[in-house]
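Residue numbering begins at 1 within each chain, and the chains themselves are lettered A, B, C, D, E and F in the order written.
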């Protein structure tokens, strides 16, 4: 992720929470008063972004704030552990607190949630990946949380990947017709992926040399059969409402990728707070 | 909410998901091809923003898209019900689909979740309200979801409300000192609120004529005692980790307001999809 | 006021005055040439923003410029007094000069003008406050000038205060109807204010427990009667074309707040200049 | 003035006054309720911007608002005259009201004030023009007000004109040196102007073929002598604290241009209001 | 390309050329005067963007301008042919003229230039594609011009493709090490490309299953040998200073893609003008 | 040129090329790895912007990058000469490389191309100047390249110069009518220029005291006659398709200015690269 892009995002988030100023803190504390605070986990979690999310939000608010001992991304902590400390003007610590915590809680929540999925299939050669079901405005951070949790990213947006879905196929007539129209227009650096519901569609994909075949909402038996039919001629992605307890059964079918919208749309936020040190 | 503000937000969300264009759809469909699709609930939910969130996102993408029969905010629907339909260029329907759904799922989720809290205390003269624990960038929409669900809003940001919290009190020495510094600076249109942990602090608040007293993390017995002490001389707000099953007990203590961070940070997203009509 | 917000404002003002560059100064002076200049009062005035307005504009133009000995806000100076000095690249001093002076002259003008009003009623327990009759784009700074001059701020914009005015009442039917519609929607942190022209309206306000009653364009006798009727059950604000010479008579009626549009829309600019040191 | 530029400005001004919405009006009025209002002069004034300032602000807020019978720029009206009427959603009329009035009052104020200066010298071949002493953020509109009042514009910013001032001369050594450095860099489409305090400086300007000579803070006798010396070889601009009552004496000296900072920094705002029709 | 993205770009370009307004045209023509003009080729060229570049620029300036009979992208025209006509307010036609022409000349120039390359290799199964050597700020349009001319696009930016170049390899130690680090991080939707200078490097790429092998600055003999070695196990891209007269020889080597920076950095602008109809 | 303006431009250019991050470099290099690279001319050229364009782009990407020994603008170098070196984090050097090179190549190309025109007429008192035929978005930089190459700038945009062209004259009726309408509206700091095709038009310009007469598409004989007729009563600018080999003949006619669109729309890009030091 590019730091300048993130800074711009953080500035807009701080503006949302601070408005024109912090009426309470600015009235109570002189501008020169400094302090030190700890950012503390209130429950077990996987840390994501101690430095480049939480810490950076404080520094965007005021570059005079110092970030102390940030934990590495992916560290597993328990309640009471300090993710990082901040030292600087009290007013700016209080102004940035809520925005930093709101982001950290959400992104560490995604990392923690993703890690549970990844752990379930750690013995299989399969990649757990995200979808476009992210919170508007936060996609770059939420997809970062997935990576910290051990997952991988699917395409970021409609420009940097080709995915021919059921709606495209329905309106276009056939997979073959859709793939043909796409093939000439897509950069050679990007693979063509097609969503399928039936083995017949899988075979049509193979016939027109699709690079990635998504198997949507198939049960393990059908997934296994599809993998057999594809036989290494395309990457295979399983998708569609796969929950934690189904995961190992899906992995055993031999698919290469399992994509899960819940990683970003349903990860519970972690509880993280700020205490004066 | 002001429409021009929302449009600006939607434009930035669409840009995030569309990037420079939709490689797949632009390759497959001629610009002139139009279609009609339904936005459909896949589970029971309370509708929030059929017109001004979901429908408006489509129209920001292309003003030529028509929004048909949007349900009123607050309508309770079941799986299969159509929230609204869209009619227009296929490419633009597909470009706006994910952003519209991602927003609708989240904000309707908040309305649906809030409604459960509100229902629990409908027989008590108490107001259920939100906090600043919202998703960065989405606060205006998430607080709208709370209202649709029957809840009320707390202050929007650090500028439009005064809330003296434990951190302020600790660093300032006493509630009295903090209130004094604030009183001269705050517009007369805004009330002063102070967070308290003990009855002693509650009494100090009364002594310096605080307008709203927040009772933080107190059990029902202590809340009831605090309400008795305050005796109508200030508004009373209960706060701090109150879950659905505690709600009625808290309401029975006689507090005026119960504020709940979970309304926005832990509401599950609803499942909503788009189908060609 | 939040520094990041101000910096953004100053950058846009500098861009307006500098355009793509300073044709004259860039042609005459080498980039490396530095100098020192004083910002000097050319008439008696109350200083507002030596550091965070005037000085900050220079530093936004070029962070290498040093601000020397800025006077505190609220200092009364006479012609010839130095508000602050600047030291740095000559080209940037000249580029920022006009913007810094234009702002300082206007905001110090407001502080100076406000201080005259405040002085007239210093023996009364009354608050002099501003309105929304500010210069578009400068509200945050103009309201700051009012505070420096000893005044107080009314609501900042249409979102952070409730004021039911004659136009609302006329179109809605009655004060009671309007207040009812508002009461459920307004955060509990914000007071409800209603504008009144008659004692009958004042009584209606009391009946529906309005928090602040604005008495619009009433003469001192009527104001006194209204204060008597209200009897401490609401804050009382006098408004409407009150000039300096009427002020004491209004204060004597016992109102809590006097709001004056002229503080911002008619304060004469102070004369301030820049001289090489 | 370019309409797209103005619209952008108006949008930012509306955002400042409206914030996230109009709490009061949105609570009271249904979105569908429409109304009609008149924008009315409360004192005699010269109209500036009935259509492209006041009316346009309403239409930027909501393009569904209709502007009815706007008076032409430069029309002299008296108290009670209607500048224009607006018809549309009541909520949007109330949201745009204050911004539209604040702008109209200020710009019509400048037109009205300028017209008084222009009237004093209408029998002399002299141009009354403005300076860069404008309100930050409003220069394009304030200079428009000057033109509506019969005045002319000086350079807009530091990029589109050359003006060598006393500060430049002091730091550079001599007028001649400064002019030489500038001459090669300035586009041939722009004239070179130099500020002078003495007749000796005027002669130096002539020697290096300056296009415009500004005579700063000279009394009428000295101005007349300078005009005699210049003898048509350069345009002559009188400047520096010239008040209304001095104006005719200055015009009689034969200068071509009189520039007056007060046109923009000291024009009193006109009183204009909005009434339901 | 997404229309909303383009409109934003065009607005910024129009602002650059128009500034605060068109002093000349606004002084000469009344706002109501309309006219019609033709956009005319002054030399043979391939049209790119008559509707979505040239025509759209006029409509962004003023939506009241009508675009008449725009030629399809890819049409070959000769001197005197009309690309499209515009009808609307004269002032806006003149304001948008230069920006529309400057863009059309450049992008049609790229299409025309690309078409010459494509024509040379039309009998070979090879794709002519562009690079990142585009004009800053215009990449989306310049890459569109390449497609109109019959070429294809390489990755758009550093985020949507993987290209391991000599600088990466040098600083990282080996191709194998670099590919390993990349493989886990890259979305499965994106291919991995590596730049090579030698056959040994080509073999290393094959050993670590690279998807695309770029052969940089190799002569036809070496290209042919590399193609033989690769033997269909990866896509093959030839790159590095390939000029028009070398093109067929390169195509004959059997590479899949030839990428050419000159398509965008050295395409001569076409001559296109505007005439009153 | 103002540095803050340029920084904003560079930020947007970097964003275009970097997107959300550099997938390749961020995967390969640890954030802490630093390096040093040289920016090297690959052919003879005139340097433009080593410090304020190329070097500054790197520093906008990351202020921790150090710029070492930048050559002065206007230096003539040969292949292999180092324009400047950069030292800093490897990832940021690679992220900024392409944008810095794309800009430097283009602007140095313009300086180099302009210098050839200027050299041809170095013995004549004539100024070579540019036009508005620049790349949209790059005008400020391209006009800078012209100055570095020894040329001069014409007006920057439609706001800071008056140029009455054939289209204006045709639609307005006559030069005299157009000049009259313009004269009252134009600031006295800006000259009035008129485009002419015939000697009759030249005489009409003189009659209405135009400041600059553009002679469009006239051959040397006609130019000479026009210069004779004008006889020093206006500046004379020759324009219209003048190529390098015609230049001296045009200069000999005695015109003051020769304006050449090709300086910006047809200057070949220079070849400049980056090598690890």
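The criterion applied here is as follows: a contact is a pair of C-beta atoms (placed from the backbone, for glycine too) under 8 Å apart; a residue touches a chain by one contact, two chains touch by 3 or more.
Keep in mind that what you see is a predicted model, and the values were worked out from it rather than measured.
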Looking at the contacts, which chains touch subunit B and subunit D alike?
C, E
List the centre-to-centre spacing of subunit C and subunit D in whole Å, with centres computed as mean CA coordinates.
23
Using the average of all C-alpha atoms in each chain as its centre, how far is it in Å between subunit D and subunit F?
32
Name the residues of subunit C that each touch 2 or more other chains.
18-22, 26, 95, 156, 159-163, 184-185, 190
Go ahead and list every pair of chains that touch.
A-B, A-C, A-E, A-F, B-C, B-D, B-E, C-D, C-F, D-E, D-F, E-F
Contact footprint of subunit D on subunit C as seen in their complex
12-13, 16-29, 33, 35, 90, 94-95, 98-99, 102-103, 105-106, 132-139, 156-165, 167-168, 170-172, 178, 181-182, 184-186, 190, 265-266, 268-269, 274, 276
Parts of subunit E lying in touch with subunit D, wherever the complex brings them together
11, 14-15, 18-22, 26, 61-62, 95
Any idea which subunit C residues touch subunit A in the complex?
1-5, 140, 156
Provide the residue numbers of subunit A that touch subunit E in the complex, in ascending order.
127, 129, 147, 152-156, 159-163, 184-185, 187-191, 193, 212, 235, 237, 256-257
